[in-house]
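In this document, chain identifiers A, B, C and D correspond to the written order of the chains, with residue numbering beginning at 1 in each.
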Amino acid sequence: MKRIGVLTSGGDAPGMNAAIRAVVRVAHTQGVEVVGIRRGYAGMIEGEFQPLGPRDVANIIQRGGTILLTARSKAFMTREGRAQAAAHLKNAGIDGLVVIGGDGTFHGAIKLIKEHQIPVVGVPGTIDNDLYGTDYTIGFDTAVNTALEAIDRIRDTAASHGRVFFIEVMGRDAGFIALDVGIAGGAEIIALPEISVSPQEIAEVITRSAEKGKQSSIVVVAEGAYPGGAEALMRAVAELTGLEGRVTVLGHIQRGGSPTAKDRVLASRLGGAAAEALIGGASGVMLGEVEGEVALTPLHEAVGNRKDIRRELYELARVLAV
Amino acid sequence: MKRIGVLTSGGDAPGMNAAIRAVVRVAHTQGVEVVGIRRGYAGMIEGEFQPLGPRDVANIIQRGGTILLTARSKAFMTREGRAQAAAHLKNAGIDGLVVIGGDGTFHGAIKLIKEHQIPVVGVPGTIDNDLYGTDYTIGFDTAVNTALEAIDRIRDTAASHGRVFFIEVMGRDAGFIALDVGIAGGAEIIALPEISVSPQEIAEVITRSAEKGKQSSIVVVAEGAYPGGAEALMRAVAELTGLEGRVTVLGHIQRGGSPTAKDRVLASRLGGAAAEALIGGASGVMLGEVEGEVALTPLHEAVGNRKDIRRELYELARVLAV
Amino acid sequence: MKRIGVLTSGGDAPGMNAAIRAVVRVAHTQGVEVVGIRRGYAGMIEGEFQPLGPRDVANIIQRGGTILLTARSKAFMTREGRAQAAAHLKNAGIDGLVVIGGDGTFHGAIKLIKEHQIPVVGVPGTIDNDLYGTDYTIGFDTAVNTALEAIDRIRDTAASHGRVFFIEVMGRDAGFIALDVGIAGGAEIIALPEISVSPQEIAEVITRSAEKGKQSSIVVVAEGAYPGGAEALMRAVAELTGLEGRVTVLGHIQRGGSPTAKDRVLASRLGGAAAEALIGGASGVMLGEVEGEVALTPLHEAVGNRKDIRRELYELARVLAV
Amino acid sequence: MKRIGVLTSGGDAPGMNAAIRAVVRVAHTQGVEVVGIRRGYAGMIEGEFQPLGPRDVANIIQRGGTILLTARSKAFMTREGRAQAAAHLKNAGIDGLVVIGGDGTFHGAIKLIKEHQIPVVGVPGTIDNDLYGTDYTIGFDTAVNTALEAIDRIRDTAASHGRVFFIEVMGRDAGFIALDVGIAGGAEIIALPEISVSPQEIAEVITRSAEKGKQSSIVVVAEGAYPGGAEALMRAVAELTGLEGRVTVLGHIQRGGSPTAKDRVLASRLGGAAAEALIGGASGVMLGEVEGEVALTPLHEAVGNRKDIRRELYELARVLAV
C-alpha cells in the first residue's frame, strides 16, 4: 500500500480530528501517503481530495468538529454513486480507506468493499456510543461531560427555585449518554429507550422526593425514551401531578467542543491502530477498545449487533436517588 | 439600624451569592446584624428567616444560584400579603432590607416602602441586563459567556456540516444577551426585540454568505425577536430559501453556573454599597455601576425607564459579518 | 451491622464527595446508619464524628474536595493513636469503616483491622492512579482533563511565540497523568518516572522538530521524571541546545475542580459497592474497577503491587509526535 | 489609503485574533486591502507579509493566541532595523499600520512614525491592563477568569485540608489581575505592586482568620508585589507564624485560552475603530474604551502615563475578607 484515504462521515463527534491526525502520522511513519477526503462519501463522489502530511494535522488534536468536514450522502446509497466514488479513488491512486463515523458510515464501507474490492477499516466516531465492538466510541466522553456541565448549571436554578427539570439529552435508540449523565448529574429519574419508565412512575418518584424534603428534582430523558421527548413526558407527568416542570433540550451543544482527554487518547489509539491494520492488510473491520485493549470486529457485526447499556448502573442510579 | 434583612427574588442569576456575602460582611463590619429571608417575598410572608453571620457566607462567592433560594410570590402582590410580610419583619426586629433581583423585585420593594415605611435598597440581579441605572446587571456577564460557550460548540458542528444554525438566547424584551453573544460568537445575523429583522433580510444575508464562500452560518435570535422564537423564524426563512436550518434553544443553562470574575466583582461592589447605603439612611434606590462608578438611581426610575442596547455595536456586528 | 463510618484521607481528589454520597445512600437503603468522620484518621483520633443521612449528601456530587475534609495524621502512625481512634469508633457504635484515599490511607486501614478487628474496606481516591487493583482511581480523569486544559492554553502561547514549553504535571512515582496528558495534549516528548529520557534525547527531538518546521514544542514532565523536575530538565536541555524553554508547574490546580462524568460515575459505583461489601461482611479489601467490572483486591495487594503504565501508549506517543 | 498592514507584537493576549478579524473586515468594507505581518516587528524586518481577506479571518474569533504570531524584536530597537522594516512596507505598498500589543509595541510605533512618516494606530492588546487611555485592555478579562478558575480549584483543596495557599498571578508592575482575581476569588489578602503589604501584616491576618474559625486562606500575590514573588513571601510569613503555606505560580496558563465574550466584543470594537481611524487619517493614537465609549489617546500618553488600580476596590476586598 502506497497511499490511503481518510474521511469522516455522519454526525460530527469530538475527537475525529485526533483520529485523523493519528491516521496521518502513523501512516507517514510507515512510509504510506495519506489523502484526506472532504465531506465524507459526498466528497468522495465529487473527488474532493487533499494530500495530508504530518504538518497538516498539527494543532488539531484539541479541536471539535472535523477538519475534513462531514456530510450524509444520498448519492452514495446508490450503486452508481459508489461506482463514481470508487473511480475517483482509483484515479487518485488510493489503495485503501480509513472511515471514521458510525452506523451509516460502516454500512457504506461494507458496500464499497463488496462492490469494488477496496480495503476499508472503520473507526467508531459518534457521540452515541451505540456501536458493538468497542466499549466507548470517540466523542461519547466529551458529549457526556458537555451535557453534565449543562445539568450542573440547571441544577443551580432548580435548587434555587425548588423546581423539577426535565432535561433531554441525545440518544434516539440508545441511552448511553442519558445513563452516564443521569448518574453523574444526580438525577432523580433517568428515562431511557432501553428501559421504559411510565409517567405514573415518574410522578410517584417526584411526589415521594418532595415528601422526603427534596426541594428540586432533575429528570434526564434520552430523546427516544418517550414519544415526543422530554416535553411530552413532562406534560404527561404534569397532568398526573399538577406540577409544572421545566424542560430543556440540550440539542446540538452536545456534539461540539474540544474533546476530553479520554476521547483524544482513544481517538489517537484507534486512529493509529486503524492505519496500521489497513496497511497490514486488514479490511472490513472496525477498530475498537474492549476492556482496555484494541480489538478488531467485523464491520457487519459492529453494525448488526446491539450493545446494551450497563443494567447494574441503572439499578445503582435508582438507589442513589433515594 | 441594628438589623437588616436580605433576600433574592425573581429569576436566579449568577453572582447573587456574591452579593449576599458582601451585604452580610459589610453590615457586620459596621456592627449591623443580617437576617437572610428565604424564597424572596414568598418566604417573607411565611417568616422564613435565618441569621447570617460572616462565616455563614464563606465559600459561596463561586456558586451559581442563590443560597437564600428565590421564588415569585402572588400573595405579595396583594396588600394583605405585604402587610403580613411587614409584620414578620417588625417581629424579627428587621429595620431595613436589601433586595436583590430585577423589575418585579423592585416593584414589590416600592410598595413595601410606601405602605409600611420600611427602608429598602435594591441590587440589580438579573441575567437580562434590562434595568436602567446600571451599565450591567449581576449575572449578565456570566449568562453571555455561557451562551457563547454553547455557540462555540455549535459552530464546530455548523462548520463541519456546512449548516445554518438558529440559536435562541434569553431576552423577551431586551436584546442585550443576543447582541453581545452575537458579536462575540461571530454571528452572521442577530435578531433582537429592539431592531426588527425580517425573514426576507435573513434569507438574503444567508444566500449572499453562501455565495461568498461561507460554508456555515450562525443566526442568534433573542427569545422576543420574532413571534414563536428561533424555531418560527427558521421556518419562515426556510420557506423563502428552501434551506433547512437547525435550531437550538439554549434555555435555562444560561441562568446557572459559577459566576465570572466580572459578575463576582460587580456583585461584591454593589452588595457592599447597598448595605452601606441602607445603613446610612438610604431607601427607595437601586445601587448600580455607571461608567465604572457606583451610582444610586430611584427604584421607580430603574423600573420605569428603558435602557437601550448600544446601537453602534449592532452596526459593527453587521460589518463584521461581511 | 447497624452503623458504619466513612472518611476521606490523604490528598483530596475530585469525586470523593460522589463516593461519600454513594456510601451513605446505599447504606441507608440497606437500613444501615452512616457516620461521617472528619479530617480522616486525624479526626478519628479526636472523635470528630457527624451523622450523615441521605439529605446531608444532596447536591455534593458535583463538588471538588471533600465535605468530610482530609488530613495526614502522624498520631495515627503510632499504636497509641490507633488505639484511641478505635476506642472512639467503639463508643460511637461504629461497626465498620469505608476509607476513601490512597496508599497511606490503606496502610492505616490494614493496621486498624489487624490491631482492633474493625472491618474496613477501601475505595481508591487519588489523582495519581497508582493503585493496583483498579484500572482507574477516583480523581484521575478530572486531574488529567484539568492539566490538559492548562496545556491547551499554553499551546496558544507556544504556537504564537514559537517557543518550547516544559510543563510539569503531578506524579512523583507514577507517570499516569503525564502519559495521558502528553498524548492528549500532543506533546513532543513525555518524561516519566517509569521510562528515563535524557536531556540529550530531548535536545535531539526538539532540534529535529524545528528542522521539520514545527514552530513550537510541548514537553510534558512528570514531577518525578527528573531530579529537580521540569525546571532542572529544561536547564539541562538549554545547556545542550542553547535554546531557552519556558517552564510551567501546574501544581495544585490539578487536585481541585468539579469532577468529570467519569469520576462521578466511578465514585458512585465504587462507593456504593464498598458500602455493600462492608455490610455484606467484607474487610481488608479495596473496591476497584477492572475491565469495566467491579473487583475486590486485598488491601495489602493494592498497596504492595506496582501498576505499570501502558507501554504501548508511550510508544504511540512517540510515533504521533512525528 | 489603499492597503494597510496589521500585526501583533509583544506577549500574546486572548482576543488578538478577534481584533485582527475586525481590522480586516472593517477595512474591506471601506475598500481597503489588508496585509498581515507575521511575528510583529521581527517579521516586518524580514518582510513576512501575507494578504488577509475577509474569509482568511473566518473562524478565528474564538481562538487564543494570534494567527499572525508574535515576537519581541531586538533589531527593531535599532535605527537600521526600523529603516529596513519601513522599506519592506513601502515595497509592499502598505500605506499605514494597525499594531496590536502593549507598551513595547507602542514605543516601536512611535519611532516608526517619527523616522519614516508611516501612519500607525495602536490597539491595546495585553493581559496586564496597564495601559493608560483604556479602561480595559484586550485579554485582561480572559486572564482574570482563567486565574479565577484556577483559584476556585485550589480552594477545593485548601478547604479540604485547612491550608493557606499563596497564589502568584501575573503583574510585574501592575496589580490589576491580582486585584480583580483577589476579590472574585474571595482572597483573605491581596498583595499588589501598588500597595505594599508586609509579611507581618499577612501573618496577623492569617492568625486572626484562624481564630475566627476560617479553616483555610487564599493569598493572591502579583508577581511584582514582593521580591522573589509568592514563594519568598510565603517563606517570610512562615518564619513569623511557623505555618507552612503552599505556593502555586499560575504562570503562562493565564495568557492562553479562548477569549471571553467581553474580550471578543472589546477586540472587535477597538480593532474596527482602529481600521476606521487609520483609514480616516489618524496616526500616533491608541484606540481605547473609556467609560463605555471608544476614545483616542496619543500613543506617547498611553505609554507615558500610569493607570492606577481602583483603590476603593482594594478597600472593599479588605472588608469582604472579614
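We adopt the following convention: a contact is a pair of C-beta atoms (placed from the backbone, for glycine too) under 8 Å apart; a residue touches a chain by one contact, two chains touch by 3 or more.
Bear in mind the structure is a predicted one, so any value in this text is a computation, not a measurement.
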**Q.** Most widely separated chain from chain A, with each centre as the mean of CA atoms
**A.** D
**Q.** Proportion of interface numbers common to chain A and chain B (over half same, under half different)
**A.** same
Q: Provide the C-alpha centroid distance between chain A and chain B, rounded to the nearest whole angstrom.
A: 35
Q: Find the geometric centre of each of chain A and chain D from their Cα atoms only, then give the gap between the two centres in Å, rounded to an integer.
A: 39
(Q) Suppose each chain is reduced to the average of its Cα coordinates; what separation in Å results between chain B and chain D? (A) 28
Q) Going by the touch rule set out above, which residues of chain A reach two or more other chains? A) 152, 155, 159
(Q) By the document's touch rule, what are all the touching chain pairs in this structure? (A) A-B, A-C, B-D, C-D
Q) Which part of chain C faces chain D closely enough to touch in the complex? A) 8, 11-12, 14, 39, 63-66, 69-71, 146, 150, 152-157, 159-162, 165, 215, 246-253, 255-257
Q | Interfacial residue positions of chain A with respect to chain C in the complex | A | 18, 21-22, 25-26, 28-29, 54-55, 58-59, 61-62, 135, 141, 144-145, 148, 152, 155, 159, 180-181, 183-186, 212-214, 258, 260-262, 264-265, 268-269, 272, 291-292, 310, 313, 316, 319-320, 322
